[in-house]
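In what follows, structures are represented as structure tokens.
One chain, subunit A, appears in both complexes that follow, with subunit B as partner in the first and subunit C in the second.
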Partner chain A sequence: MAEQILFIIFGILAVGSAICVIAFRNPIHSALALVLTFFSLAGLFISLGAYFVAAVQVIVYAGAIMVLFLFVIMLLNLGRLQTTRQINKAKVFAVIVGILLAAEAIYIGIKAYDGTAVSPAQGESQAVGAAITSEQLNRISEIESTYHLDRTEINSTYVPEVSEQKSTVETLTASEANLLIAKLQGEMGKPDRIGTILFTKFLLPFEVTSLVLLAALIGVIVLVKREDTDTAA
Partner chain B sequence: MALQYYLILSALLFTIGVIGVLIRRNAIIIFMCIELMLNAANLAFVAIGRELGDASGQIFVFFVMTVAAAEVAIGLAIIVSVFRHRETINIDEINTMKG
Partner chain C sequence: MDLPLHVLIISSLIKIVVVVHLLLIGVMAMILAERKVSGWIQDRHGPNRVGPWGILQPIADGIKFLLKEDLIPDHVDKPIYLLAPAIILVPALVTCGVVPFGSSITISGYEIPLQIADINIGVLYILAITSLGVYGVVLGAWASNNKYSLLGGLRSSAQMISYELTLGLSLIGVLMLSSSLSLRDIAIQQGGYPWTWNFLIHFPAFLAFTTAAFAETNRLPFDLAEAEQELVGGYHTEYSSMKFAMYFMAEYMHMIVGSAVAVTLFLGGWQFFGLEKIGGPFWSGIISFGIFFTKTAFFLFVFIWVRWTLPRFRYDQLMNLGWKFLLPIALTTIVVTGTVWAFTQSKLLVAILNVVAAAIVVAIVATTLVMTREPEPVDDRGVLSFTEESSS
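And then the complex of A and B:
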């Protein structure tokens, strides 16, 4: 229920401020509307359980990137550069293309995912009291290896939260095992889990990312460097 | 909350970004619309990752953010150097490369 309310509030806020970004005529107002869009998306990330992503969204996007935008807008003094608003053929065409694209994307969003790849935590209902299945055990060991968790840690920390009397994964019933998997997956948005897989499974992409940033850094310096000789010396 | 609603919201945000790129003539606003589209993709990544119980979706969001940061830095540098030469960032007037 809470997630529905958050989704409606932040969803409307995100779409409304996104429309403001393209509707406002002053670039500074557009930039501020974009900040609001980023904040609403951070709210949606929180309701999706991606807490660390939400924090990074606010710090990096709403903080660093938007400050860069505002800096350039104010540096170039673009507030005065406003063109007259005219409705021409290109704009009508753009809106028609946009509506068609939205219809297509929404159709794909509804149809492409029909719920067949349901996560094990929400799988088919099993008989009450049935023992834990091998599929669930596989899933738990998969989570263990992904997040570098210890079976003893799961046994001592997470299993008692699911079923008070039990202390090992193997003694759980199937429905309790579903709860345990859901609980383990629910923890995945936390910074320590994100960090664990970022620095193990995704270590190479992470390092390559640093090269992208280095290339961008050098590129920016080369691009904005004045070539006239009087300032170079 | 079903995945479909998040995908629909993501599609709407992406489309608003596309319309913005098509109708606005100010290069900086076009850049903001590109950021909007990247964020719509991020929302889809996180929502699908949650549905599949896989944190890889959230990791991809970090990579998208890094690429976005690099892209903004380069793009704004290009805009600044174009403004120095042409005194405008209206893309209708920057058409030297138009064939």
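And then the complex of A and C:
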């Protein structure tokens, strides 16, 4: 229930502020609306139990990138160009791509809704005492494979936290299984777990991303240096 | 952590109300302390007319702020101009949500931790919120639509961005040894005795963190953003009455919260020679809070002390200090702490080698700076250097 309320609040904020980004005519106002969008996204991450991602979202986007954006807008914007047009020649393509993406989102939403996706919030409407469903078992093994957990660890550490007498996943009721899934998801949002899977399962993508960032850094230095020698010469 | 939901909610609400009011009262106390200590340092009396020993001075100041005419100049960008003072106050207020200000207190069988929220990303949360502090300054500066304000805002944001990096990096060594991001865990792990606290194990990191914290609060010797002689009032030139007071309060709140965080991370939090364990489950909580309060107060005194002792930096000195000294020191502590800890697991060795390595780095940087210095310095050529035009 709490997750749903948070989702609705942050969802409305995110969409509303995203619309403001393209509706405001003053670039500074647009940039601020974008900051609000990032905050709402961080809020959505928190409601999903992904605290680490939420913190990184705020540090990287709201704290670093948008500050630089504001900086640049302020320096380029002194006195002139108080408002800008928000529409340019790419509007036809923008509309087409927008419609495509919206259709995609709606299609996937409908498919997920009538399907059997189990979310912790949905589980509360299920009958009390019903046995654990196969979807929930699938979800648990999915978490296991993503985060390198094994069943014995879940059975010994997390199952007793959900239901004191039980010691295996299979004996749980459906509502207890939902609690377990929520607990596991919260546990996996912790920074040490994320660090572990980043440096084991996702090592290659992680290193490739680092290389891309390094290339950008070198690019910045090269560009700045070249300008420097030009003016000196 | 096994509190029933209603106890959790009620105790959290009480804690939030208490902490926010403590912060506001702390701001008042700091305003008085600042004036008293400055008087003491400069060998004069300080405020002594309002109430006994002048202790009602902050109330008089507050009433003056409230009753002054609230001017909104014509040329400002109104929504952002009004929003900026609030934006600068929020980061200071929300940071205190994760700072543990005592061990725990037992009331009618429930053990209530003296901390609003012990989240498992505590340090990251603090860094995230700190990085937002710059918005209040930048937006206030821009919205004022005034050249002095904008120059002050640009100076201050360049400064805050530069020192934020040091602030974050200097904590990595601490986090490596504590292997936790929760402020409560880090505080408890340091133990009760001053020689086991983090400020000795990570002494260079502690210095770098403290200096960066000074810079983040925009106080002397880092107050170039509001250098009166050059920029009138800097980013709050156009603000009057309570809006100016909000900037003013935010500065003090940042100081208080920064001190509390430094005490938690480097000075053992609420622990002091086992004193915090004296008394029953109720009184030990109160005593632990007292210890934390005293340590924070000491740190705040250092803030005031430095302000009235050191003169303001020049802009190029400020950038040199941040980028050429503090940042390399912070990076060195990461390398040294990581290497030593991986091979020896000895905190003593970490402590000694950290200091040695930091000294070597400072020596190298200082030598390089002296060697490459141009014969006639002063004419600073930094991209964001405004000293030339504003001082003429």
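Assume the second predicted complex is superposed on the first by the 123 of 233 C-alpha atoms of A that agree within 3 Å, B and C clash if a C-alpha of one lies under 4 Å from a C-alpha of the other, contacts with A are read in each partner's own complex, and residues count from 1 in each chain.
Note that a residue touches a chain if its C-beta (ideal position, glycine included) is under 8 Å from a C-beta of that chain, and two chains touch if they have at least 3 such contacts.
Since the structure is predicted, the reported quantities are computational estimates derived from the model, not experimental observations.
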item: Dominant toucher of subunit A (residue count), subunit B or subunit C; value: B
item: Contacts of A:Ser134 with subunit B and subunit C, given as first, second, both or neither; value: neither
item: Which superposed partner A:Gln165 touches (first subunit B, second subunit C, both, neither); value: neither
item: Which superposed partner A:Val21 touches (first subunit B, second subunit C, both, neither); value: first
item: Touching partner for A:Ala62 - first (subunit B), second (subunit C), both, neither; value: second
item: Touching partner for A:Ala102 - first (subunit B), second (subunit C), both, neither; value: first
item: Touched partner set for A:Phe52, first subunit B, second subunit C, both or neither; value: both
item: Partner chain(s) touched by A:Leu34 [first = subunit B, second = subunit C, both, neither]; value: first
item: Which superposed partner A:Met74 touches (first subunit B, second subunit C, both, neither); value: second
item: Partner chain in contact with A:Glu3 - subunit B first, subunit C second, else both or neither; value: first
item: Interface residues of subunit A shared between complexes with subunit B and subunit C; value: 52, 56, 64, 75, 78
item: Subunit A - residues contacting subunit C, complex; value: 26, 28-29, 32, 35, 51-52, 55-56, 58-59, 62-64, 67, 70-71, 74-75, 78, 190-192
item: Interface residues, subunit B side, partner subunit A - complex; value: 1, 3-20, 22-26, 28-29, 31-33, 35-36, 39, 42-43, 46-56, 58-59, 61-63, 65-74, 76-81, 83, 88-90
item: Complex contact set, residues of subunit C against subunit A; value: 77, 79-80, 119-121, 124-125, 127-132, 134-135, 138-139, 142, 150, 153-154, 157, 161, 164, 179, 181
item: Subunit B partner contacts - residues on subunit A that touch it in the complex; value: 3-4, 7, 11, 14-15, 18-19, 21-22, 27, 30-31, 34, 37-38, 41, 44-45, 47-50, 52-53, 56-57, 60-61, 64-65, 68-69, 72-73, 75-76, 78, 81, 83, 90-91, 93-95, 97-99, 101-102, 105-106, 108-110, 113, 117, 119-121, 146, 181, 185, 188-189, 193-194, 197-198, 201-202, 205, 209, 212-213, 215-217, 219-220, 223-224
